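Here chain A shows up in two complexes: once beside chain B, once beside chain C.
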Partner chain A sequence: MKASSDFPSINAKEADGLKPEGTPYKILIVDDSIFVKKQLSQILQSEQFDIIETAGDGEEAVEKYKEFYPNVDLVTMDITMPKMDGITALEKIMEFDKNAKVIMISALGKQELVKKSLLLGAKNYIVKPLDRKKVLERIVMVLKRT
Partner chain B sequence: MRVEYINPFVESAVQILKETVSEDVKRGQLSLRSSIASMLGVVVIVGLAGQVSGRVIIDMDRQTALNIASRMNNEKLTEFDELTCATLTELANMITGKSVTKLHELGFQFDLTPPALLTGEKLQISDSKVETLVVPLELPEGKIEINVGIKEN
Partner chain C sequence: MSDFIDEGLLKDYFDEAYSQIDLMESNLLNLEKNTEDKEAIDSIFRAAHTLKGGSATVQMDEITKFTHLLEDAMDEVRSGKVKVDADIIDALLKALDVIKNMVASRSDGKTYDEDYSNTVSLLQRIVASSTATKKPIVKKEEKSKDIVKESKKEEETVFRLSEYDLMEINESNPDNLPVFKISVSFDESNPMRTVGGIQVFTSLRDIALVLKTIPEFDEIYSEVFHREIIYIVASEAPPNKLKEYSTIPDTTTQIKIYSLDKEGVETLKPKEQKKEVVKEEIDIDKIAKSITSEAISGISSTKYKEDDFAVVKEEIKQKEEDLQKKSTSSTQQKDQSQKMVSSSVLRVESSRIDDLLNLVSEIVINKATFNQISSQFLENLENLNFNLSDYKDKLRYFIEKIPELVNSVKEGKSFTQIKKEIQTEFSILTNQFDTFASSYKSIIDRFKSTNQNLDRISSSLQEGVMRVRMVQIKQIFTRFPRLVRDLSRDLKKEVDLILEGEETEVDKAMIDDLIDPLIHIVRNAIDHGFETPEERDKLKKPNPAKLRLAALNEGNMITINVVDDGHGINVEKVRKKAIEKNLITADKTIRDQDAFNLIFEPGFSTADKVTSVSGRGVGLDVVKKNIEKLSGTIRVTSELGKGTTFTIKLPLTLAIIQGLMIKVQEEIYAIPISSVLESIRIKPDDIKTIDNYEVINVRDDVLSLLRLNRLFKLGEDKQTEYFFVVIIGSGDKKIGLLVDSLIGEEDIVIKPLKDKYTNTPGIAGATILGDGTVSLILDVSQLIELGLKVEMESHSKNRNFGGRK
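What follows is the complex of A and B.
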């Protein structure tokens, strides 16, 4: 009789945060709330995503994106932030890199802004409250769609 | 103030609290608040402006606030640091955002200001121009009062 470890582990699912070749996807988290930053980081890190950096406003987001480019696979972008909002930051990131993958993080009641961001090139959006399943589903969907 | 304004806020608060804090949320009796009112100690205020103006105040005592923030973070929080405050303002954002969506669907147009969090032993709110309705919500974490004062422009 074979020990279970001799079988390929068909049940052990690959972590969502790893590329097919095994290196982690690199994520930039943009949000002015440290609660949301922490929540997103915890969800993503539990699936082995690499949080390369977080930014607290749009200006910082654009700066960091340029700094890390081309080593950023995806950006999560809050909408309401001080200094520069997420829509403007999205616009600037898309100008700089038309293939950028940006997912908007929105509270309910901002449908118009979400629509606008999708027209500007955001790949998807997630409405708060954030839960693990919803966050991973949307992010994986965007990363796997090339 | 028309009572129909308060329901979307209370329903949204119940739904968001169930999703993020505890399944066990009990809705108490609606009451009218006098123009000068003492608050429980931790208040998050969100202003409304547009077709109507006014404010929504989410009020709770200090321990309840810490219990709720702890639940939302899956981690015991014991002081009012940046994380606790960010968690409570985010809670208010979610509740008011959801309420506004419901009110937009009913045809009311207005915007929200970002939440402001105040804490203090003897906080009082005084406003003689806007009638305020209050609904208490009971959770295992403690009691939360949802105050809604709206006037049509």
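What follows is the complex of A and C.
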């Protein structure tokens, strides 16, 4: 007789988007590019994350964050955006909720801006062009650190 | 392409790319007007940046690279290192054209293959000029090359903090938390490698008090890459937790953690340590080992990955080439799928959709009311039946009772008594149906009002759905600033473009077909309409010349005016040219308006010489045709020396028009009401014949007639007392349609005809009437063109028939 453990389950891996108790993490995506928004959503949704809302500029992001708080687990924040840039929005969000988890989405080479946002409280950053594996890895890392 | 780029995503990419390009263009033109426009510079930069990001994701490398260059150039402009001047604007516009072409090629499924190295060097010059004009800034160099600073400290040497440092550390650690020294090595190959130091710093900050860093924080924050950074932290967290928090994938390669005692001396030498610490140390060692090995394998694996990636890339390239060589069919398929991507997308304000939903919900309520009414009608019917049988019974009883009453008269009963008897027993007969009548009336009232509601809702629904298809004319107007700028430069003219009514809305279907005619007219105006600046000076006309492009809503029509203040149309010149081209006879005198209309004739151009821009004679006639295809009209008015105005009138939408319904024999036709000038009633005697044309006199004007029954071969002419004549006009031509009767105006929904019927002359489409029958819609301009010819033929035929008889 073989124990069931001898047959590794193919779907052994849990979806990244689920909390240990099984409910999905709630994500707010902020990006002025519809295209990036969609791409991020696709990546995250494929791992069963719950995209609760998307925002197209900093002002909207802060507004949406306040609206959904405390039902937001993580925000992905583009840095260059019209109206209000991502760093200012990050500041505002951190002012509002010092435990906010914000991940910056930055273009390659914007090292100063990334450093600035990290000091302001961003938990991590992701470089564009987006790489599925890295996106998930960084987001999961931030979420698991509570 | 990577796994998560699907067609929908590509479509979004192209959508966004085009909107970013538009944004850049309009801002560049703003910038040209005001070279200090900070906002314009910023938004061009942002647009280039966004486009770059998007292109990189969908792996359109040539666009990524090129937009990156543009972004760099804009960055220089933004930081004020480069002053905006005409050359720079030119270079940027050229770059924008390259991007446009690249994106366009990509959306056709091809890669842009023209040489654009000129533009590349133009952009590079912008970047280079900033570094050349200013003293070479060290920072700048660092940015591009991140000087790698090696940490001088050897790992083996005993780590010691200066006394001052120690004091500082102890001061900022009042709770006497355990102090650790964390030494972190960073991956040099990370493209964002200078971020790592800060990232570890902020990460540690979550669980520890970072007391000091070596090198100093400012150093870490600068753009210099440090291979190793030491963090002195105070924390209650166990070392493995510290390790976890200082480990960042792709960024850190090795982490070493040491405990520090009060004197700042490492206390991690196994011999000197208590058991506890030893344990911990072993732990740390273990973790350290695993992590370093992990990190090392991480590095090597990333390296492998990179190598692999290159190989894979090569393979992909190879495969792509093979594919292209091998089968043209597969590339065609690819082309097709790519083209599908570029199919049109309509962006609609969400409020418009909300309005529609609102209306739909009203319709649902409306439907419910109708249901209620219908059941009330049924109830009423039952009520009526009941009353009716009751009524019949009573009537029967009454009839039966008559003999009895007659008898009682005979027996000597008085009339008043009988009358009273009848009244008490049968008065109910007179108001038997009163309740029914009143309830029936109330239902009818309700039905009427509900019907009115339905009427209102359906017409707003119709309007609402139309509004979904409406887009702002801005979409095409935005093209003109650039066009006018380039043209006026090429032709050495100074032109100021004024756009008005950009928010006027036009049917989406029309927008695309409107661009070419408009461009043509604008070109014409700049090329032929305007004088050169010198001439204008002589004529004391203001420079720059003014070109006004204005759109406005007029009831059910949209009017677009193109107004220039150039030299106007020279009637004499037009006349001569027309005679030369045999369009009119030499002895004919023409009115100004007729002369203006001649410019819409094929092959007509009064320009003395052909320029690259216009004047080849294929021109305004095509413009006119295109506008008429949209069931619009175009007119031109001009005043010599003062300018020319082109007026284009278009219906709001192509899908629903107002039609005048007419009847010919048994057939019902619809004529677009916009083409109907008037309708009159005539007697058969009023029809006169001139040169085989049937004509009538309308207010001193002679109008040729067209008998629809003959044109559509519906049978012999009817002999009636009166005919109706609908006078239709297209442009400045008029014709009268002889019809049997007029039915009235109606909103008609145009249904396109299948291919095989589209060749039927004089028919534009079909519509379905309220009772379900199909009615054809007449094509007015075709009728006018056709009418005379056919009428003449049929006339001669008729005469032949007559002759035989």
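FYI, the second predicted complex is superposed on the first by the 135 of 146 C-alpha atoms of A that agree within 3 Å, B and C clash if a C-alpha of one lies under 4 Å from a C-alpha of the other, contacts with A are read in each partner's own complex, and residues count from 1 in each chain.
We take it that contacts are C-beta pairs under 8 Å (C-beta built on N, C-alpha and C of every residue); 3 or more make two chains touch, one makes a residue touch a chain.
Owing to the predicted nature of the structure, the values given are computational and were not obtained by experimental measurement.
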{"item": "Touched partner set for A:97, first chain B, second chain C, both or neither", "value": "neither"}
{"item": "Which of chain B and chain C A:33 touches, first, second, both or neither", "value": "both"}
{"item": "First, second, both or neither for A:107, with chain B first and chain C second", "value": "both"}
{"item": "Which superposed partner A:63 touches (first chain B, second chain C, both, neither)", "value": "neither"}
{"item": "First (chain B), second (chain C), both or neither touched by A:145", "value": "second"}
{"item": "Touch count on chain A, higher of chain B and chain C", "value": "C"}
{"item": "Contacts of A:80 with chain B and chain C, given as first, second, both or neither", "value": "both"}
{"item": "First (chain B), second (chain C), both or neither touched by A:115", "value": "second"}
{"item": "Overlap of chain C and chain B interfaces on chain A (superposed complexes)", "value": "33-36, 38-39, 80, 107-109, 111, 128-129"}
{"item": "Touch list for chain C against partner chain A, complex", "value": "2-4, 8-9, 12-13, 15-16, 43, 46, 49-50, 52-54, 56-57, 191-192, 194-195, 198-199, 201-202, 206, 221, 223, 245, 249-250"}
{"item": "Complex contact set, residues of chain A against chain B", "value": "33-36, 38-39, 80, 107-111, 128-129, 131"}
{"item": "Of all residues in chain A, those that touch chain C in their complex", "value": "32-36, 38-39, 42-43, 46, 80-82, 106-109, 111-112, 114-115, 118-119, 121-125, 127-130, 132, 134, 137-138, 141, 145"}
{"item": "Interfacial residue positions of chain B with respect to chain A in the complex", "value": "16, 19-20, 72-73, 82-83, 86-87, 89-90, 93-94, 96-101, 104, 112, 114"}
